[in-house]
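Here's a structure for you.
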Amino acid sequence: MSDTSLLNQLGVVKRQIVRADKAAVDKLARFGAATIHEAMGRVGLMKPYMRPVYPGARMCGTAVTILMQPGDNWMLHVAAEQLQPGDVAVAACTTDNDDGFFGDLLATSFRARGALGLVIDGGVRDVNDLAAMDFPVFGRAVHSKGTVKATLGSVNIPVVCAGALVHPGDVVIADVDGVVVVPAARAMEVANAAEKRESLEADKRARLAAGVRGLDMYQMREPLEKAGLRYID
Amino acid sequence: MSDTSLLNQLGVVKRQIVRADKAAVDKLARFGAATIHEAMGRVGLMKPYMRPVYPGARMCGTAVTILMQPGDNWMLHVAAEQLQPGDVAVAACTTDNDDGFFGDLLATSFRARGALGLVIDGGVRDVNDLAAMDFPVFGRAVHSKGTVKATLGSVNIPVVCAGALVHPGDVVIADVDGVVVVPAARAMEVANAAEKRESLEADKRARLAAGVRGLDMYQMREPLEKAGLRYID
Amino acid sequence: MSDTSLLNQLGVVKRQIVRADKAAVDKLARFGAATIHEAMGRVGLMKPYMRPVYPGARMCGTAVTILMQPGDNWMLHVAAEQLQPGDVAVAACTTDNDDGFFGDLLATSFRARGALGLVIDGGVRDVNDLAAMDFPVFGRAVHSKGTVKATLGSVNIPVVCAGALVHPGDVVIADVDGVVVVPAARAMEVANAAEKRESLEADKRARLAAGVRGLDMYQMREPLEKAGLRYID
Amino acid sequence: MSDTSLLNQLGVVKRQIVRADKAAVDKLARFGAATIHEAMGRVGLMKPYMRPVYPGARMCGTAVTILMQPGDNWMLHVAAEQLQPGDVAVAACTTDNDDGFFGDLLATSFRARGALGLVIDGGVRDVNDLAAMDFPVFGRAVHSKGTVKATLGSVNIPVVCAGALVHPGDVVIADVDGVVVVPAARAMEVANAAEKRESLEADKRARLAAGVRGLDMYQMREPLEKAGLRYID
Amino acid sequence: MSDTSLLNQLGVVKRQIVRADKAAVDKLARFGAATIHEAMGRVGLMKPYMRPVYPGARMCGTAVTILMQPGDNWMLHVAAEQLQPGDVAVAACTTDNDDGFFGDLLATSFRARGALGLVIDGGVRDVNDLAAMDFPVFGRAVHSKGTVKATLGSVNIPVVCAGALVHPGDVVIADVDGVVVVPAARAMEVANAAEKRESLEADKRARLAAGVRGLDMYQMREPLEKAGLRYID
Amino acid sequence: MSDTSLLNQLGVVKRQIVRADKAAVDKLARFGAATIHEAMGRVGLMKPYMRPVYPGARMCGTAVTILMQPGDNWMLHVAAEQLQPGDVAVAACTTDNDDGFFGDLLATSFRARGALGLVIDGGVRDVNDLAAMDFPVFGRAVHSKGTVKATLGSVNIPVVCAGALVHPGDVVIADVDGVVVVPAARAMEVANAAEKRESLEADKRARLAAGVRGLDMYQMREPLEKAGLRYID
């Protein structure tokens, strides 16, 4: 895993980043955020206040990270140039702020670079346009509030976004269940674990649908009794 | 109405509960949460943070209650076995917690028992699967965060869920307007009152649509004048 | 702009108000809330907790303002009579309150008067009916909680609604991006500025889609360098 | 424990209530909210947003319960007459509301009746006066906002206050750590358990202060190892 | 009352403002925020999230208003020069923002101009220094987060601060019960009403302390009976 | 700076950690959180919801980090053994949770090891005891809610606590203005920068107190004019 020596450095754009292996990203794209979170060992999630701004938004790509200042989207413009096909922009802010940092013009710009979507610990606007473009965005608010371009943040440094540490190049998977971050170095391992978990779940689902009781399937009766559970009438 | 001697008891599963009369439940199912809340005398609502996890979710059934511990969904598995056709699982937690206690496997399990849906003062995940199954869930958050199975709560004791007291067997009606709880003993009385209210509303709606002014229809002009309302130009 | 001598006066209904020029309102109706906020100079927005209660809700009209008391919707009934075709009801409350002040009967009444919709710093209910009627409502919560008719507020006085000052007759534009208030006296000026902004954006969008970089199009490279931005590899 | 047939009934004042045994109340008064919560089996707490309005506020008494309407403190006046020496007023509201329901005049009135303090799921004001009187109040907000006297609630019915079910006559203990409710019927049992717990804690405290490690004192090393804890260097 | 033609104008400093009459301000200073709010007719309050940053903070003075941008305290420096003895700085922000806009250096600067304190819909820092200086500040958060000086706001325009409209020159009274704004033109009228209210309260307090029941003193028994209140045993 | 390969690993206790240089820690202890945040380049802060649980709490020490599960304080017991004189325990949680993870017994245990205090993204209890011991704690809530010891987290891995990345051995400074984290490798550099900043501030304070205007001292008049600020009368 990459180091964190650039953590919180302001005024820096790192141009060369190591993106997660493409095959691993493609494999992770087959699974949902919840499955991948479990496959990683129940970690890596952003806070649940991060929501898709239109129904059906979904994405899986490699992170280009951004650290913004409140009420200021200058660094999103700087970041656009660093985006490559398959990337997801991940924008943190130095403080909680719901302003509308992002709208349809930036989305057009990001898409022209091949970016797949945006995860932003801030607000966005032009939601109807984003939905019409099917440019997926996950954020903390929808807000028309305009922003300035006056103060430096950074691009492609490690950031804490909505409670999760994200390094540039990490894999970010976002869907209706939330946003999960897979460190680049663990991408294939986690993808394989997700695949295994999903195949096990298919079998469990079939048995449960057929009427097998979870208490039996998961062998919970004995531990429940040991824990002291009492059945009364 | 049932007593509350089991309130807050941990480690107990009550197997025999008295469910509200089926005819009353069927009748209540014809009305919305807002109408039933009014018909009860403007009480019985859960807090408005309880929202359907997919559009169109709706249900009316008899409560099987659950008291969970934070980050722990063991009792949902225990509750599955106590569910009967027509039941709604109502899960409270000993503290505020947004973890993803419930997903598609438990939904499969609950449905196999005939349950109609879930009301949970906690988070859920696998929202796309729940929508595809049309298994209605009302909760406080969508969150992928996984939970453990380590600490006892209870099943079928009285619980306070999202601000409302729920006894096992009570009728729970949930739709886009919220979640309302009708004590089992009052189910038919409230269903009748809801029916009456709805028929009165149809008439009012027609008159208002025809241009009758509410101030006249509700005879508000005199009380407004008495209260001192002044009209100025 | 109108004076504020009636600000916060309770127990008053002003019958004669000066509505914004119809041509300006019609022109403003062609633009979204975000565009108009920008065209006004980045001001005039309500707080982002104000959300449409069903997807696709949108409106632009002249404000009839209401000051309500918590848990009491009496003044909405009083306001109905003051509504004229093309108006939008804008309801503030003397304190934060999520109760269900408004439902389908009041919507029927408002529509019968020609009103276009409601903006309310409070809760609403009967959301399915509102969607079926396509009567747009923007509010802070969906809540079945019923309200009383017992205490006076006012109609057509200046109010602070969700953080924005609204005078009766001002233009209110609401869509998925939020709610913005344009003072009546500035309506045509702002509409013209919005038109100009939108035409400029079309050009920018085309250039960005064609691959022009925002850093170049907006001539940001020099100011970024002056501000000290460092590119590293 | 008392039944809940009066739960949520509006417009009722119950004059005869069964207060918890005085000896048990006196004994419970010796312990803090956290100790009593543990002694009850980790239940009975109100939500942690309930805070003392001045430093050092503390009380233990028998509940006279109140159900208020938002923005309306009429029932506090009605409740005053039902208070007896040793009582604590416990006021719930039919919806979330931060208005200033209670101030120094009501405190004077309550104290004249012998009441020990107030727990209110609402706002209060005149905080300096309350501190000067040393009349302890625990609430959800400090707010000058005045309230009306227009709509009925109830007195001495079971209420859900800040997430906890409270029956009239229950014991309410409030201090800096929170507010806990002990059902009247369990008062002495819980007082005894609290006493026992506190004596055990004194011993533990001494041993820990002397340098005994918690992992040893609580015999946690084996279960930690079984759970799979790995020590690395 | 002054007009609102400058409302929301950015980039403007108004040097000449009409401050409320000094005698009225001095008289208002004798009363608390709750009393003045009642004396005004139960209006004029800021939201209750505005809290003193140290115990005992209290002030009453004439408003110099400020509109800030998020994360930017430039306008506080500009405002310092406009402050006169007896003024209170009232800082609103174009969006919700908890950054630490204000600390001991600005407090030193404000005090050197004769300002009495600050009301800020934002965060502050150096709280120990502010307490040591006894420079009262009421705000929405304590936060060390530093701010920039890059984007224009305004000074001495009408602002909406924490939900209240404030014109420059209005009287602002802040204490532990909250922050209330009295329009300059109403200052003496409200001061007189507050005086009257307080003298009435002294009498009421004495009678209540002597055991007179509020239900009798306020003659509530008859209206309660009319409203349908039932006493049961 | 240390690597993050252990980030989010569950079930691990790292015994050997590299603590920041003692001289640097001692020097940092002379400055407040706000000063250090500025000296670092305006980064490193935890969210402002982290508050001291009693007035006057303050600390500066080297981090022993903890990752807890919701409602479970097992890892705090495990961490106690890893604490050394001069350490500060920094406890993150895998999800938002306000339970009372920490009280006077753990404080006794931590102090016996020489720990200086606790920063916890969770709730605490026994606040009076903590104040009496003067054992400083900064947390997100005060809550009596008890926790279990059932599920593994980790000790001395990198954690995200209240929005800030903390590595074991980093310096944590907490006071009334907030909590700031200084990476171990930057400790002396930041301490020196803080010292420099503080000496500059003393001079500025004196000049401002003497009546020098900030606009002149900071040479803001020209940039304000360039930005377009207009003075009107």
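For clarity, chains are labelled A, B, C, D, E and F in written order, and residue numbers in each chain start from 1.
The rule is simple: a contact is a pair of C-beta atoms (placed from the backbone, for glycine too) under 8 Å apart; a residue touches a chain by one contact, two chains touch by 3 or more.
Because the structure is a prediction, the values reported are computed rather than measured.
Colleague: Identify the chains adjacent to both chain B and chain E in the sense defined at the top.
Modeller: Correct list: A, C, D, F.
Colleague: Is the contact between copies chain B and chain D built from the same residues on both sides or from different ones, judged by whether over half of the numbers are shared?
Modeller: Because over half of the interface numbers appear in both copies, chain D and chain B meet with the same residues.
Colleague: Does A-E or A-F have more contacting C-beta pairs?
Modeller: By the number of C-beta pairs in contact, the winner is A-F.
Colleague: Could you tell me which of C-E, B-C or B-D has an interface matching D-F, in the sense that over half of the contact pairs are shared by residue number?
Modeller: Residue-number overlap above half with D-F among C-E, B-C or B-D: B-C.
Colleague: Which integer distance in Å separates the CA centroid of chain D from that of chain E?
Modeller: About 32 Å separates the centre of chain D from that of chain E.
Colleague: How many angstrom lie between the centres of chain C and chain D, each centre taken as the mean Cα position?
Modeller: Here chain C and chain D have centroids separated by 42 Å.
Colleague: Specify, in ascending order, the residues of chain D that touch 2 or more different other chains.
Modeller: Residues 42, 94, 96, 98, 143, 145, 151 of chain D each touch two or more of the other chains.
Colleague: Quick one: label the inter-chain contact graph as line, ring, star, complete or other.
Modeller: Topology of the interface graph: other, matching no listed pattern.
Colleague: Give the pairs of chains that touch; include all such pairs.
Modeller: A-B, A-C, A-E, A-F, B-C, B-D, B-F, C-D, C-E, D-E, D-F, E-F
Colleague: Where on chain D does chain B make contact in their complex?
Modeller: 1-5, 7-10, 40-44, 47, 94, 96, 158, 160, 163-165, 167, 183
Colleague: Would you tell me which residues of chain A are touching chain E in their complex?
Modeller: Its residues touching chain E are 69-72, 94-99, 143, 145, 148, 150-151.
Colleague: If you look only at chain D, which of its residues touch chain F in the complex?
Modeller: Residues of chain D touching chain F: 32-34, 37-38, 42, 45, 48, 51, 175-178, 180, 201, 204-205, 208-211, 213-215, 218, 220, 223-224, 227-233.
Colleague: Enumerate the contact residues on chain E facing chain F in the complex.
Modeller: Against chain F, the touching part of chain E is residues 11-16, 74, 77-78, 80-81, 98, 100, 103-106, 108-109, 111-112, 123, 125-128, 141-146, 149, 151-152.
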